[in-house]
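See below for the structure under consideration.
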Amino acid sequence: MTRRTASVQLKMRNLSDFWRRYKKNRAGVLGLALVLFFVTLGLLAPVIAPYDPWQVQVGKPFSPPSAEHWMGADHLGRDLYSQVLYGARVPLLVGTLAALFSTLIGIVVGAASGYFSGKLDDALMRVTELFMMIPSFFLLIVLVTIFERSIWYLVFVIGITGWPGTARLVRGEFLSLKEMPFVEAARSIGASHRHIIFREILPNAMPPIVVNASLGIGATIILETGLSFLGLGDPNVISWGNILANAQIYIRLGWHASVFTGLAIFLTVLGLNLLGDGLNDALNPRLKER
Amino acid sequence: MSLVEARGLTKHFPLRSGFFAKDRRVVRAVDGVDLTIRDGETLGLVGESGCGKTTLGRLLLRLTEPTSGSIIFEGTDISGSKTIGPEIRRRMQMIFQDPMASLNPRKTVLEIVSLPLRIHGLAEQDELEEKVMELLEKVELTPPSLYVDRYPHEFSGGQRQRIVIARAIASGPRFIVADEPVSSLDLSVRAQILNLMRGLSEALGVTYLFISHDLSVVRSMCQRVAVMYLGKVVELAPVEELYGSPLHPYTKAILSATPVPNPHKSRSRHIVLLGGDPPSPVSPPSGCRFHPRCPFYTSQPHPRCASQEPPLATTGEGHLVACHQAS
Amino acid sequence: MANRSASWKTYALRRALGAVPLVFAIILLNFTLIHIAPGDPILLLTGEIAPSPEYIEAMKTKYGLDRPIHEQLLIYLSSVLRGDLGRSIRYDIPVTELIASRAPATLLLMGTSISISILIGILLGVISARKPYSLTDNLTTVFSLIAFSIPIFWLAQLLMITFALQLGLFPTGGFSSARTTLAGIDYALNVLHHLFLPALTIALLRLATTSRLTRASMLEALSQDYVITARSKGLDERTVLFRHALRNALRPVITMTGLQIGTMIAGATLTEIVFSYPGIGWMTYQAVLQRDYPVLMGVYLVVSLSVILANFVTDIVYALYDPRVRYA
């Protein structure tokens, strides 16, 4: 057997072990199903949406759910169901990318802080504290109003305001893992700092980071939809937040825009939170197995 | 021929308790140790917890910096420079106490054992697996193919310690510090691991510093033994001499407390009881550190014992002791 | 006793001094934002869209826009400290005045919802901790999970749709009924009537966090030695729960509440929008729609400083509550 075959087999074995553990948490499986469901809806929107979401007057404005329009029509007579389908893309995209971005920053800051300690740690922790104090929602309002309202910009600003939580977490992990004998063993073998940080400590710190990141996606989606609700979303795309913003203006005339769209957001974020919980249980097995 | 030498080696740790950041007190973990380890020998280092033996081991490997004093390895002084070059690094290794904690739980055995080979460029990419399997065979983990792609938690304590040993010998070291290598293993497994270590020492010419608090284990493994108390070496002698005729009162006390299998012998023993509490390494007693608990001092309080630290002096064939009243 | 009060005052003083660089950093951040924004800083500082040349000159001198940047910073710093945050473009009154006029409504809203959520949340948490994994406990856990996943503005909309629009039990928005003139008790009741749904929205979500946290810290407190001691002394369960365990369990709850002021203000903003409740949040929303930059910058500054203040107050309350902290 070649090394390559062996390592592929190893990866398969790890994956199936992981799934076996993950399955044990029913809520986690439900969460995964919910997330996959909405991601699929968003991806397949062009294929499954019955109408063009931008096209006005395909239905009577504010008409309630019916056979032709499963979720009714909005204030311009546009099909709401198609809007909800297409509207999944922006929150999921922004949520995932922004969470990834801030996790990355958090890992860099937290690892540097926790591994090297000393003055670097003090300085970075001060900065982290400062960022934690700043009310990010309002900062985002200011930043988006002043600059621009595109999705990429949104990913960027949410990313650079969201890292302190992850940084603290990563720092904590590094501080404790740093003292473990296997790290000392690596040092005694002569491993470089880079090796120790990335190949010894970080893989062991990943479980809480991953859980944190997946919970972060949920939080970011709520944040993004909130900003869009305020009218700060990208006006050129369909997004759940935009739909809800319009729904708010015309809320006396129709409840369905609000209810269906909000439900979609709720179920997606719920799914992400359950997923995070499930990951938490699945990735920390050693405590149970031993 | 000395492989490793310590001269006046000292390590003080600053005490940093919560409020009083200005506390200048230090923990005198290792306080002025002179020690020579000969090429090819297994030197035992015994003492109670907190006596500084683990710190001494880490100092000799330069895993921590000495506060003062020097460490000579293969003739070169390695105490000064900030970091040791890889050439020296690979010639000195460590075996830790807890095999589970000293193996990265997320790495396979292959990755763990091949790390020294990769870092020091001792094998090509495609040779790694072969070399690792050779090492696994040396530590009697056969057939090695069953081990390479598994994770540490899939093995027993004894097997894990063998993996640790395999990793330690991978870079072809000349000096290995074994810190309580069998203390966390089941009794039945201990003998096997000790045999393995002995075999490797002979086959590979490895020198060991064998740190333990278990005197019977040390007796079976070592040619010479050093006894530490509160950061200092108080006695050093060839093994049978130390166990047969110990000179330092502390050595006598701990030897007398070692369980003896023969019940007749055990009943007729005289166990030396040490009075007082173990003192703190932050403020050791003046003079000889052992004097407040010393049976010699209790019966014959020489003023020198309370005021002057006894030097480690020779009293016979390779037998050194630090006691004013021992000679 | 004299010793004790002296030490919390020194602690308070130390914390206050520690907060100063933070305040300065916030103001500096604001200043940076104003100056890196595209467009004229004058727009952001004053509010005039097409100012006359004389006005530009006057503003230039006032804000020192032709002077080096560090001088401008000092000028900005001093004007902020004097309470000058510019003028609203829309309403043409000083931003500080505008904020001051809206703040009470938001404070009323937040005060009410925090009180409700803390009271009920702690109660629920204690009950859950008392009987872990019982029906109440499980329901509370599920409730918390839901609350964590629901956007507050959607919850607000749902409540409005159900109770105000469909059932007509509550008004759909505003602070009080505009058309009638009421006084005294009637007025107060009217305000409460309008306040109910928005406060409920915020309280429901806060309740989830509070009860969860109380449950967790109660469980920990109940397993401590002093509780076993109290029980073995023969004290009845209620005293044990409330007098002993709860006192210590409340600590993280206090800290958490303080830390989450920022999030709560954000939540209040979104709720105000849904219910057209005339507080700071509603005003911010208007400012966003109308590009009223001075108001936005002003609100951001005020909210940031409020968060720092809230943290400071939380620290002090905590120190009064737990003497051990004062040495930190």
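Each chain carries a letter (A, B and C) given by its place in the written order, and its residues are counted from 1.
Here is the rule we go by: contacts are C-beta pairs under 8 Å (C-beta built on N, C-alpha and C of every residue); 3 or more make two chains touch, one makes a residue touch a chain.
Remember, predicted model here, so these are calculated numbers, not experimental data.
Chain contact topology: the protein chains form an open path, each linked only to its neighbours in the line.
When chain centres are defined as mean Cα coordinates, B lies farthest from chain C. Averaging C-alpha coordinates per chain places the centre of chain A 25 Å away from that of chain C.
Per-chain CA centroids place chain B at a distance of 59 Å from chain C. Chain centres here are Cα averages; for chain A and chain B they lie 50 Å apart.
Shared interface positions of chain B, defined as residues touching 2 or more other chains, are absent.
Not a single residue in chain C touches at least two other chains. Every residue of chain B that touches chain A in the complex is listed here, in rising order: 61, 63, 84, 86, 89-90, 92-94, 96-98, 101-108, 115-116, 119-120, 126, 129, 148-149, 153, 164, 167, 171. Residues 3, 6-7, 9-10, 180-182, 184-192, 195, 200, 203-204, 286, 289-290 of chain A are the ones touching chain B in the complex.
In the complex of the two chains, the chain A residues touching chain C come out as 130, 133-139, 141-143, 145-147, 218, 222, 225-226, 229-232, 244, 247-248, 251-252, 255, 258-259, 262, 265-266, 269-270, 272-274.
The residues of chain C lying in touch with chain A in their complex are 22, 25-26, 29, 33, 37-38, 44, 145-146, 148-154, 157-158, 160-161, 165-166, 172, 262-263, 265-266, 269-270, 273-274, 284-285, 288-289, 291, 293, 296-297, 299-300, 303-304, 307-308, 311.
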